[in-house]
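My questions will all concern the structure given below.
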Amino acid sequence: MLYFIEQSLNGVQLGMLLFLLAAGLTLIFGIMDLVNLAHGSLYMLGAYFAATFAAMTGSFIAGALLALIATLLVGMAVEVIAMRRLYGRDHLDHVLGTFGLILFFNELVRLIWGPAGMTLALPSEMLTAVQVLPGVYFPLYRLVIIVSTLAVALLLYVLVMRTRIGMLIRAGASNREMVGALGINIKLLYTLVFGLGAVLAGFAGLMQAPILTVQIGMGENILILAFVVIIIGGIGSIRGAFVAAMLVGLIDTVGRAFLPDLMRLFLSANAASTAGPAFSSMLIYMLTAGILVFRPEGLFPAATR
Amino acid sequence: MRKALLATAALLIITASPAMPQQKTIKIGFISTFSGPVAAIGNDMRNSFELGLDHNGRKLGGLPVEVIYEDDLFKPEVGVQKTQKLIESDKVDFVVGYIWSNVLLASLKPLVDSQTFTIVTNAGASQLAGELCSPFVFSTSWNNDQTPQAVGLYMNQKGVKSAFLIGPNYAAGKDMLEGVAATFKGQIVGRELTRWPDQLDFSAELSKARAAKPEAIFAFYPGGAGIQFITQYVQSGLKGQIPLYTAFTIDELSLPRLKDLALGIPGAQEWVNDLPNEANKKFVADYKAKYKSSPSFYGAQTYDAVGLIDSALKAVNNDMSKKEDLRKALEKADFKSVRGSFKFGPNHIPIQNFYLQDVVKQGDDYVLKTVATIVENDQDKHFQNCHMK
Amino acid sequence: MSRRFNTLNLLIAGVIAALALIPVYSALSGYPFLLSLFTRILILAMAAVTLNLIMGFGGMVSFGHAAYLGIGGYAVGILAKEGFNSGFLQWPVAVAASALFALAIGALSLRTRGVYFIMITLAFTQMIYYVAIGLDRYGGDDGMTIYRRSQFGGLINLSNRTVFYYLCLVLLLGTVYLVYRIVNSRFGLVIQGSRSNDRRMRAIGFPPYRYKLVCFVIGGALCGLAGALLANHTDFISPALMHWTRSGDLLVMSVLGGMGSVFGPVIGAVALLMLEETLSGLTEYWQIIIGPLFLLVVLFARGGIAGMLVGEHRG
Amino acid sequence: MSTVAEALLAVSNVETCYGLSQVLFGVTLAVVPGETVTLMGRNGMGKTTTVRSVMGLTPAMTGSIRFDGIEIRELPSYRIAKLGLGLVPEGRQVFPNLTTRENLVATAANRRNVSDPWTLDKVCALFPRLAERLMSMANLLSGGEQQMLAIGRALMTNPRLLILDEATEGLAPLIRAEIWQCLTRLKAAGQSILVIDKNVQALIDFADRHYVIERGKVVWTGSSRELAAVPEVQHRYLGI
């Protein structure tokens, strides 16, 4: 039983990471109706910036903060240079345009940081496990990820629901022209929203950096999962993204932990270890297909459109 | 009208690249991984190969050498594409390299079909030692399960009663876990294969290992993945509770980044930097002088490939067309290996000793030391199913 | 009107002539790699043409068309591993399996609209991608070598590179002609009609869902054949055949070539893959150029290369 | 016709097209500070297009639009609004996914720090029905309430010129009367207003001057008294 709790905590941690990515994606998609495949590249850049600045300043926290600022600037630059011309175009153009950006960013990172990839060393005090419950050990750093992501989720909720910027963002989503006619520079607002999306992706990247190596193309696999999350959750709905992220995180991790044992009953050890993780990944896509068939607009279809 | 002719003409120009000039050099195609978390391995192999050529006056069999390095990006489908390019487009005389068993297996057909002499300097796929052995393919490394078998023997010597095995889910990973299971006398309480190469988060597997309460854990994770595994092994607090045994995970490349995390984790290897023979002393000393870091077994195996090719070319005085004589010369392998004595089995896989290595802290840097010889003149157990006797 | 069509038809004739001459040219220049490069271009062009049938004419943006390349390839690979090397069995199975998969996911996906359709096709392809990774017997993530190409009982010897090249060329032109006939048939007109105005089509009595599904299945099945060819060409299959970035490449070829014309994607495939080959020869960082190029194509070359030549752009 | 110089808003022979079809063929009108002016005409004559051109939503091709002496024809709509033009658009267009209070507060501003700016309380005083509905989502409000909200939202930007496009369109007579009453109070407070509407009688009692537009051109202009004296103009151009 304790083992199940430990695995569910791992699932929650993956869910948190997915939420960070999905929140950025669904915010940008909900507001600007823009499919941004390059969101994974911003995740990668966040990790690279954090690794570089942490090495420079010698402190994890300073590295993280500088990384967030750098990712914000890159995000806004990308919006002004490339994304702004894509508004109003159909989604195929978005997919292709941002697909090109992925190739560009991967190669740019290789040019600047070289092919080998980097590591982001954790401060030594993080290198311990915490006894969350009697007999249940959980790495301290992963708790930090869960807690900090919850904080970000709260911050995001307050920003969108309680502040004027949040009101303008939601208003812009439903009637962009009218917000302009009331004296708000909607173009600038969109740049800020895109920058916010980039920061969320960068934050997810730098939080994940110490657990995975920072390498080119690290954003692409997780990007597909993030898209799955916003589709299940309902595009444009941050609440939906949170629920769906938890769902996907738990299914993937618990699936990866228990399916191989389950399959070992009727498959050889090796075959089970191969089929197990593959099947748990498939589970997520079956879930997606299943939900879309019955709820073509996701669980919490955004009310705005 | 004008635009259409222009487009067709452009099409033909692109394809009109010049025909290959035939000048007398030895062309070597080198396939390894130079990107991602395992790039350090590829770079170590390239450095050692270049060092070997320097020691040989940039010549093989007396002829100038041209080396074409290709990055397999860690993926079998890219490896096979680059292999085909080296054979058909660059028309190389030898292909050297291959870190990963899955990339090697994918590239075997084009290599054997084109009868290109290949020196595998790391990948030890069991199929290469067994049914897929070929007169044109030689290995200067080992077969995947020889090293873990040595670790299994060592765990028996230490009186370990039960073990939990963890490894990456690709050809070498499965071979490694098979290897330990073959020689380990105790009970295997768990066996986990993780998704390779993208899964570097082992929290689920480590929790499962803790739950199984084994007396020891065996793990195999090469390159950057090894650093991740050991970091997370320490992070989860398992280090004090359950001892860890490894193969190909702690080496001169990962040690500088693992530092004291690696202390007290033994491993087995067919080459360690302090082997007492002349060739090895020169290799290690010159490598440190030139590259300011110490070589790993990946490098040592690649350095030997230079000596092997040079000795064979001299025996047939560079006549690449005499394939049969070149094969016999390569099989004789009369060159000074950094491992001391070096001889091939009938399936072109080396027969060699395996040593126990441990991490020792000298001053403020960490070094791998030979502690004991686990097994001598060990031969892989697949050579019977190879058609070459 | 005639001047513009003349340009595009001339380019098509020029491209076909050039493709026909490649083996001769490659033999003369002693540069065999060229033959295998262009064989791959022909096969991927065929896949792009089948995608264009679904996307360019059917209006269904499938972000998972590489699934059929994978299914076709694995059909050949699995049958070869189990000892069935006859092409007469492998290729029909490849086409049938792709058609079945297309029917299954098409029936479900066509219930969604717009970006949800793009995402659900992506999700289904990721699903079959992980199935391939899970197939431990057929190499799982490491892929599997095919030791004997499809045998056609002495009729066609696929191991002969030139014969295989011309077979691919014939099949490509056959596919283009088939798609051309479909698009201009009554069925094709209904498909194009429902692309622009779904409601209007329903109003005059055509069930667009069923027409679109049939079109989706035809596209998938034909692409399965391209998958079988690809497996024979590379003598190796791996889940990477259907990685989502492969689907992205097919999308680019279709749009770059020009979705408005049946032959457009062939031009797109030749242009993209030639560009990749020459650029990667010049610099290791060639993707820094190709990436932004996709963006520029999307922003400015509305009709793709074919569109520009026909002057659709200037129209 | 007041001289153009001290006019708050001066539109002179403006032409606007939607794509290839031209709608305005040289519209000229002016509003003097503190004055209430109407723009009347049958449907499709270019009333809303004139408003959209003034607000920069559908930029005019030629002609000049000056506000407080500044040429605004080429400016983006947010810069025009910032100068002090408050738009109550046709169809109200409140933000459905925001609460009533959020609709009012989101775009509120006091750019010219007017001494006694519009506040939430002042708007609620003007429109008591809004006071009870502050917390409910805007899409749950009735047509009349949404109209009041749209007017309140524009007022919260403290505009120098309030533009109302079909402000009483489709409302019940009782609600319509309430709206006119509020507008009259605004006029009394010195707010300059440009009203686009159809019920001529209400406009005659309420506004100072009128423009009548026919097929994209101003065909008649004059004071309320003069308009009352020319029923044939009302009949021919306004279909009464």
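The letters A, B, C and D name the chains in turn, as written, and every chain counts its residues from 1.
One rule holds in what follows: contacts are C-beta pairs under 8 Å (C-beta built on N, C-alpha and C of every residue); 3 or more make two chains touch, one makes a residue touch a chain.
Bear in mind that the values here come from a model prediction, so they are computed numbers and not experimental data.
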> When every step has to jump to a touching chain, what is the lowest number of steps that links chain C to chain D?
Replying inline: 2
> If you average all the Cα positions, which chain's own average lands nearest?
Replying inline: A
> Does A-C or A-B have the larger number of C-beta pairs in contact?
Replying inline: A-C
> How far is the middle of chain A from the middle of chain C, if each middle is the mean of its Cα atoms, in Å?
Replying inline: 31
> When the centre of a chain is set as the mean of its C-alpha atoms, what distance in Å lies between chain B and chain D?
Replying inline: 78
> For chain A and chain B, what's the span in angstrom between their mean Cα positions?
Replying inline: 36
> Taking each chain's centre as the mean of its CA atoms, how far is chain A from chain D in angstrom?
Replying inline: 45
>> Two or more other chains touching the same residue: where does that happen in chain B?
In response: 169, 195
> When you check chain D against every other chain, which residues touch at least two of them?
Replying inline: none
> If you look at chain C, which of its residues touch at least two other chains?
Replying inline: 133, 140-141
>> Tell me the shape of the graph of touching chains, choosing from line, ring, star, complete and other.
In response: other
> Considering every pair of chains, which are in touch?
Replying inline: A-B, A-C, A-D, B-C
> Which of the residues in chain A end up touching chain D in this complex?
Replying inline: 164, 167-168, 170-171, 173-175, 177-186, 303-304
>> Residue numbers of chain A touching chain B in their complex, please.
In response: 2-3, 6-7, 10, 13, 110, 115-117, 119, 122, 126-129, 137, 139-142, 211-213, 215-216, 221, 253, 256-257, 260, 269-270, 273-274, 277-278
> Across the complex, what residues on chain A touch chain C?
Replying inline: 29, 35, 82, 85-86, 89, 91-93, 95-97, 99-108, 110-111, 220, 224, 227-228, 231, 235, 270-271, 274-275, 277-279, 281-282, 285-286, 288-289, 292-293, 296-298
> What part of chain C is in contact with chain B in the complex they form?
Replying inline: 6-7, 10-11, 14-15, 17-18, 22, 25, 29-34, 36, 133, 140-143, 145, 147, 234-236, 238, 240-241, 270, 274, 278, 309
> Which bits of chain B are touching chain A when the two form their complex?
Replying inline: 34-37, 39-40, 43, 71, 169, 174, 191-195, 198-201, 203-204, 207-208, 210-211, 224-225, 227-228, 231-232, 234-237, 257
